[in-house]
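Next come the structures, one after another.
Two complexes follow with subunit A in common, the first pairing it with subunit B and the second with subunit C.
Up next is the complex of A and B:
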């Protein structure tokens, strides 16, 4: 029996092992990278990716898949760079109208308040909740619905910000460039994200219900829980974490772009799987997902230390994914043979 | 068969709606121009629909295999095959056939890798094709190195040739689609694919070689993606690193709008053409009416969602 539990532990530790292996490799290649400044540079972009990965994980928990998370993060970034900074007045469309004289040069308070941005972002989360409800109610394939939504978010982003630009609110920029003592900000942020998601989904009783909806929906329904509400809640949670991803991203890039996060869709799925999550059955690991996101981000740094052209960055991410999945299959097989 | 029964039978075909919608959108478009440019709009629609239909056929066969089966490596394969083929051909007319073979070989190799990952690692096809697409995309970037090589003149001429306003390439792909519809409906292989999609366990018990059938479908999808990359690089004056990008979502959208079941086991090829024409004509219509890119994306997305909701009403949930 110890063999089985050993295999299970190994399987659980796989995300951590892959991350550590990568860090050791980076240390061997460039010891100076493992430092305060080094981590800041290498892991900055891991924050939005980790948040997007957690968002994707919420959707995967209930056996669905979100192909729109990338364009949604881009949409949030566009809103963040415009309406969250200067309200409706910050929209290029409104500025054009002002320039042509259709709108007065000085706009009333209501058009300048960043509250407009808050309202739009809240609307985004509502849309996510509604999608979850729709998918459950009509028993729709989530891949197709979110595929459609990816076009919708992209369209909205382009309407908000036809060309890259805008400016992120000062408070987000300050937050993303925090320099706390001793521990680099990205590491603190990653730990906070992982802990919050872990408590929310793994430690609360409703979290167990949410995961149960992926593992055994019938049992959850018979126990008196509304599956419709569970799905809406999980999608809303995904919308919330996706929003945080977009805001943290725009805090790093300081300006918005509709196409800024297109790769996040595939990266977030890869991160969840790398972190030990599974497509069906509600088997997820928030801590693993954050580690998976960090691993994927570090893969790029590793290549540059090895002096391999950045062309291969995406390839390295794919290779890591395959290696980790292969290791998992081997462990599973060893477990079964015992 | 009387007329009413014929109409009823026709109405039962899910793919019909894609054509009805395409014609409706076309009419609305030429309404705006007062009939001018009606033919040109159709020519353009057939030209651009052709490329998405090629990859749509492969994607449809994969989707037919049942829930969880989808090929995410299509865009990367298009890009790689386009890049490799244009480099091999090096603008020489004599190398056209070699280029085609190389593009198809690229596709076949990708398909074999995809299925090897699915089979060896026992992972969901989405993850397998996703991780291989990362590798293929990188290979394409590293191989292409951003230099745009022109396609051989003869290939460029062939991909842009027209016969009475109808693109020659579109005619070829209509024939290909017809053949693939026959394969799906009338051959043992097609019936196997459908059977696996309907109930994989029953299919296995019935003695179908599930592994080989799925393998063939994934290889086919990748080969069509390679073919698409080859033709696309001929059509658009060379390959580019982003040329495959839009075809991931488009290929899935075609399958859905064309009336095939996303859960697998129930597909049709004619719907792909209807859906491809419809999607292109919607974009043309919005362009004609002066809407920008944002509105076009928005409309495309809402249409996809509306179609899948409507389809769920037609087929009650299991």
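Up next is the complex of A and C:
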């Protein structure tokens, strides 16, 4: 093994190394956490974060940034807790109308079918695809567009659920609280997410085109691929994974809240970068991103086990991020110096 | 798991010994406070009260630990993770002031399934396995009209100051006020503004609506944190100051005292004492002690009347809220009251 490939391997292994270091630290602090129940409790909230991180990674692949993913996940959670359970009839707005007598007590089938929820969620993905196309077509800064969209999603969530409430569909709830033998569900879910995203983006030929659009868009365009279609596809993919994040989150919390996932925007960006991705150049790692999401979640647990005051926890989480990034920069420099 | 088995065998041992007392001991039990927000005077007072009551309780060996934890960002997912971490840290009971009434239910259920007692207060959770120490905000609003009925039997025009729009508490208090008015039609709400529980905002809102209101306003019904601002708005407009119901904030009590000394001004003040966290602590301790406790409890209001004003003002620090810490006996009373229902 030459020095350069050693550095490259080290760089690829960095997310895994940080994850293992954290697990060892947690074991030292709280041995009972390293158990079936412990992993379930520590990592179940990492599933939606991992999915949101993959969504963010799709956008970062094409050199854009999605600042609306947090509120979008919240929007999906609100739809999941209402329309995906009881259709249009489950909306508080419709219930108010029924109570006031404007609508009959028994609503027709079309208003009760959960299909309404499916339609709305599909609409969300379409909006994402349209945003990607718009950003490419008008050459807009994605930060501005998605920041604007974040308020749109939040507004829609508040319209759907003015106060926290609703009920997650039973099948999602059941899936998220699965207790398979031997291996805790969050770990299985994390592996499945990582493998699917890896195959999709790293192993298929169109995946290579998608990544190439971030690395060298000119070359991709000359080769005859439509960049517009690539951007729309990547944003649609982000919308899809964001939808999965929202649904898994509502399965864990059992009910929706418009403000449920505001933190996810920054967490997902941090997860991508921790996992070895770069802001530009189409350089990404789906497996690393999932590990990055798990690392961020576990870091929170570790800081709480260490009894660090919450006022310091955000700072401490930032410090972990800086340490990992510093390690990566050092490796990069070693790579270049060879 | 070993701890659980240990507890079970310990309980079995106690039962086997059959010693006279049927009570389990709580001296090796750990209680945690999971708090979602610490950014205002009320929450700060709540955390101080928790320390003031639980530290001696730990020293006296009533419980093994009573540690407060606050999330930094007032976020649902952050508090859910915090609750799950507290379960892993081996706390026997978690006392929660929740960021959301519904969205923490998943984490609360996980805690219950792990054998942890969950007691929520102020910001309560709806998961059935948890205990709830709720505030009857509706009653709080209704009480205001009852007070006015005694003071002004013939009724009159009333101005309502509401809280933050879209928040459950604001809705409930206002509903109570309107219910009270419906039962006592001699009162009429001539105007309603949102003061956001903030003196400066309330002052601006009242100043804005005053010119459009009739001159004979007898009273202002409030939600707390807005009475002083209302008084300032009336004063600035050169109007006669009506009976303004106060909400236990220090500036409100100080203004009331000043008026009382100057011209015998009469009103009353009510709010939830931040010390309600200590009530939740004792309820959790009693549950761990093996007592039968109903799942739904109601917090008593802390009410300051004309006679108690001087004392309340003395014990309230500047910029703070009138407070009271609860004892194990107080908790017992609340539990008994709920059990009777």
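Basically, the second predicted complex is superposed on the first by the 333 of 338 C-alpha atoms of A that agree within 3 Å, B and C clash if a C-alpha of one lies under 4 Å from a C-alpha of the other, contacts with A are read in each partner's own complex, and residues count from 1 in each chain.
The rule we apply is simple: a contact is a pair of C-beta atoms (placed from the backbone, for glycine too) under 8 Å apart; a residue touches a chain by one contact, two chains touch by 3 or more.
Remember, it's a predicted structure, so these values are computed and weren't measured experimentally.
Participant: For A:273, select first, second, both or neither according to whether it touches subunit B, subunit C, the two together, or no partner.
Facilitator: first
Participant: Figure out whether A:326 sits in contact with subunit B (first) or subunit C (second), or with both, or with neither.
Facilitator: first
Participant: Touching A:305 in the superposition: subunit B (first), subunit C (second), both, neither?
Facilitator: A:305: touches subunit C, not subunit B.
Participant: For A:314, select first, second, both or neither according to whether it touches subunit B, subunit C, the two together, or no partner.
Facilitator: A:314 contacts both subunit B and subunit C.
Participant: Classify the contacts of A:148 with the two partner chains as first (subunit B alone), second (subunit C alone), both, or neither.
Facilitator: So A:148 only meets subunit B here.
Participant: Would you sort A:162 into first (subunit B), second (subunit C), both or neither based on which partner it touches?
Facilitator: both
Participant: With the two structures laid over each other on chain A, which partner does A:37 touch: subunit B (first), subunit C (second), both, or neither?
Facilitator: Second partner only.
Participant: Using the touch definition from the top, say if A:297 reaches subunit B (first), subunit C (second), both or neither.
Facilitator: second
Participant: Let me test your reading of the model: by the given contact rule, A:252 touches which partner, first (subunit B), second (subunit C), both or neither?
Facilitator: A:252 sits against subunit C, while subunit B stays out of touch.
Participant: If I apply the document's touch criterion, which positions on subunit A are contacted by subunit B in one structure and by subunit C in the other?
Facilitator: 162, 311, 313-314
Participant: Can you list the residues on subunit C that touch subunit A in the complex?
Facilitator: For subunit C paired with subunit A, touching residues are 1, 3, 67, 69-73, 75-78, 80-82, 84-90, 100-107, 109-110, 114, 127, 166, 168.
Participant: For subunit B, which residues are in contact with subunit A within the complex?
Facilitator: 68, 70, 72, 117, 120-124, 126-127, 130-135, 137-139, 141-142, 249, 252-253, 256, 262-263, 292-305, 308-309, 312-313, 317-318
Participant: If we count contacts the way the header does, which residues on subunit A are in touch with subunit C in the complex?
Facilitator: The contact residues of subunit A facing subunit C are 30, 32-33, 35, 37-38, 40-42, 44-45, 48, 162-166, 176, 249, 251-257, 259-264, 297, 300-301, 304-305, 307, 310-311, 313-314.
Participant: Flag every residue of subunit A that touches subunit B in the complex, lowest number first.
Facilitator: 65, 67, 134, 138-141, 143-145, 147-159, 162, 266, 269-270, 273, 279, 309, 311-319, 321-322, 325-326, 328-329, 332
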